[in-house]
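You will see chain A twice below: alongside chain B first, and alongside chain C after that.
For the complex of A and B:
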């Protein structure tokens, strides 16, 4: 199921592009915000929760998920270099699964690690906030990667759609339409964080059982479907 | 012995028919897939390479369906036309990755790089390569697993004459070794120099198939039109029409030129300067007026 050569090509392509700069910029920004907030406001559980929930989980994790998830396959399909993977006796679902693992790894590295760091800077993990949001970031990394990898496989405008989902659906609709929150990776991951953090510090609109089912379901279905789409990927038609 | 069989295959994109009911068999040796740009060559190659499903019909490799069958890639090596190829890797890293994807080691990659004579630049990034070098590294990536079938889409595009000769030599060798080598081209001379067997496609249809000499003759024996300007058009016209190689001559007084229709291409091109010299006429312009590839091919389709 996992091919180390595909993995090597994927992470080198992912980290070698200019787009990868965003992977570094966002975590640095988060840590900078954490330092500034701590310096001006001191250690406060609610403020810490606000920064981690409002910026780290709501903005940074999905954005990094978009870059890593779509970037793990989209550019290769765009420039045609995916041919060198497809013209091999390697099962197409193996290619997808491997790319998913790489995308998850990259998303976790660039979102969960800085979230943890920022949490400790903000209030020294008071009320388990740093750990809770880090777990949320880890969980969200998996679902986002699967979702955006699928998007990268089926669409040439994956980054745009990914940004629309991450910013418009999750951030805007999520805050305006309560129902939309049920269908939000962010809320599912927060429901996991809710269990870890101190009373009332993290809230989610989705119960943990439902969130778990949806997280696992979305990840599995998106990955399976991406594998099917890659099996039927047509590389031509531009004559 | 590996054979690709295309059986009553069509492929359309929306309303556009790219390949129209084509049947052909590609066997060992070098086969040239010839046709003007947009004729459907790439679509055919993509179906043979398993990158495109036929809309109708079957494309098989030794009887096994190619589409959605990853196992066929053990036997097929592909040199795509597109340039995208992990530019951030060195040539060696790229070919080694291709070898690994076939379950082979770096030694296989080394052999393939030696075959295409790219060892000298294998540690440079692909981004720094010239067009010809990229083409050779693509070749190496297609050869790592010693495939019995090699498919190349417009492999000579953008290559300089020396690189072209090297690649031709390599493909000739592959064909002589009994591999099934198929390459596409829109340039007759390329195909003629390399392929013993030619398949011609025009506007999605299979226009001709067979030995290149026969096809070449079909192409050259058609009536040719020339526009000729000289120091004495009427005297030249009178002298030329006496020869059976010329079917008709029109004196275009507004343009000040002769429009000549020649039926025997070889004889006419030898005759024209001789006649001019014998009559003391200077030739100012001799230009074929319908030499575009499309007109050559459309003649072939009609034949």
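For the complex of A and C:
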């Protein structure tokens, strides 16, 4: 199910040249904010939770997920070079699975590691906050990568739709309509973090059992469907 | 031109045929016409007009959302008999719906400039009688105008609704004017930033993500740090932190000069002195993005 050559090509497409710049900027920004806040406000559990929940999990992880998830396959479909890969005797679901593994790896590397670092800078892992949010970031990385990889195979405007989901659905509707929060990767991952962290520092609107089922379900179904889409891929011209 | 398709006299082996090429002797529409065409084509393109049905969906949807929210606000104001003004200020409207505006910039700025770069069609533009400055000004102007339509239209709806509901004419007109100035400033600022980022990342998808990162991530970072500064009692820092993201810059300017209520934590925006700094930063960013665009298009290879 895992093809090292496809993985190597995907890594190079994701991290090559200037493309990785935006992936590096966000984690650096998070750590910089963490350092500034620590110097500014001292170690405080609520503040740490606010920074990690409000900035790291709510904005940074989805954005990196969009870039890594759609970037793993989108540009190849876009410039048509995917046909050379599809022409090789590699199963389409294998291609998707390999690209998913790479996307998950990249998202985890660029979201969970800085989250953990920022958490330790902010309050030295008091109340298990750093660990809790790191786990949330790890869990969210898997689901976001699968979701946005599927978007990358389905639509040519995958980045826009991914951002609409992350910004409008999770952030805007999530804060206005309580029901929207049940269908949000962010809340599912937070419910996992809730179990790890100390009293009342991390809150989620979704129960852990439901969140686990939804996380696993979304990941598996998205990956399976992306494989199916790739089996019947049509290459279209620009617009 | 008469058809003297004769042959030039020469040796029998070689002869030159006149195959009837003619020089153009019609009206030459010139540089300003080309610039206007580029402007109007870019402006229409921002809303998907003149493009495929699929590319009309997103800009029209975003524009529809903006107008729908304005209509709902008007309907609420009319339904409640005790109201003497609209429930939302003209200046607050764009701040509330900044995610929609951000998505519009992110989806349309790359559409406007990145495709020309990606498909190497920029040299074709410059084979027309336009200069670099015309191209940059037309694209900048078109993007700013498109944003002004997106942000101004709902304000017009609010204003008309307010007048129909017989709210105080003088007050409403004054507030409406302040709101329009604010969204005009916002449009120019966002257009500049969006175009710069899009022109520097022509690759499909990455431009969109980069524009969103500049507009939204900076706002997320600034508002997080502002919230913390507010809760830890350093209220003085709150107004200065607003300098670091586009939407809080606009918020600061309109709080200082245009009678808006700030969306900063604690509701205390910058005063007049800090407001001047805000305004200077906004103007510097606009001028800077123009300069960067001019620099970007100095060498656009084939």
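The working rule: the second predicted complex is superposed on the first by the 232 of 239 C-alpha atoms of A that agree within 3 Å, B and C clash if a C-alpha of one lies under 4 Å from a C-alpha of the other, contacts with A are read in each partner's own complex, and residues count from 1 in each chain.
In this text, a contact is a pair of C-beta atoms (placed from the backbone, for glycine too) under 8 Å apart; a residue touches a chain by one contact, two chains touch by 3 or more.
On a predicted model such as this, the values are computed, not experimentally measured, just so you know.
**Student:** When the two structures are overlaid on chain A, which partner does A:176 contact: first (chain B), second (chain C), both, or neither?
**Tutor:** Touch status of A:176: no partner.
**Student:** Given the superposition on chain A, which partner contacts more residues in chain A: chain B or chain C?
**Tutor:** For chain A, the partner with the higher number of touched residues is C.
**Student:** Tell me the contact category for A:1 with respect to chain B and chain C: first, second, both or neither.
**Tutor:** neither
**Student:** Between chain B and chain C, whom does A:76 touch in the aligned arrangement: first, second, both, or neither?
**Tutor:** After superposition on chain A, A:76 lies in contact with chain B alone.
**Student:** Give one of first, second, both or neither to describe whether A:167 is in contact with chain B, with chain C, with both, or with none.
**Tutor:** Touch partner of A:167: chain C, not chain B.
**Student:** With both complexes overlaid on chain A, does A:39 touch chain B (first), chain C (second), both or neither?
**Tutor:** A:39 contacts neither chain B nor chain C.
**Student:** Residues on chain A in contact with chain B in one complex and with chain C in the other?
**Tutor:** Comparing the two interfaces on chain A, one with chain B and one with chain C, the shared residues are 78, 239.
**Student:** Hey, which residues of chain A end up touching chain B in the complex?
**Tutor:** Spelled out, the residues of chain A in touch with chain B are 3-6, 8-9, 12-13, 16, 76, 78-81, 83-92, 231-237, 239.
**Student:** For the complex, which residues does chain C have touching chain A?
**Tutor:** Against chain A, the touching part of chain C is residues 51-52, 54-55, 58, 99-100, 102-103, 106-107, 115, 119, 201, 203-206, 208-210, 212-213, 216-217, 220-221, 223-225, 227-229, 231-232, 234, 237.
**Student:** Quick one: which bits of chain A touch chain C in the complex? Just the residue numbers, please.
**Tutor:** 18-19, 22, 25-26, 29, 33, 36-37, 40-41, 44, 46-47, 50-51, 54-55, 58-60, 63, 66-67, 70-71, 74-75, 78, 157-160, 163-164, 167-168, 171-172, 238-239
**Student:** Could you pull out which chain B residues touch chain A in their complex?
**Tutor:** Residues in contact with chain A: 13, 18, 37-38, 40, 42-43, 46, 49-53, 68, 70-71, 73-74, 76-78, 80, 82-86, 88-89, 94, 97-98, 100-103, 141.
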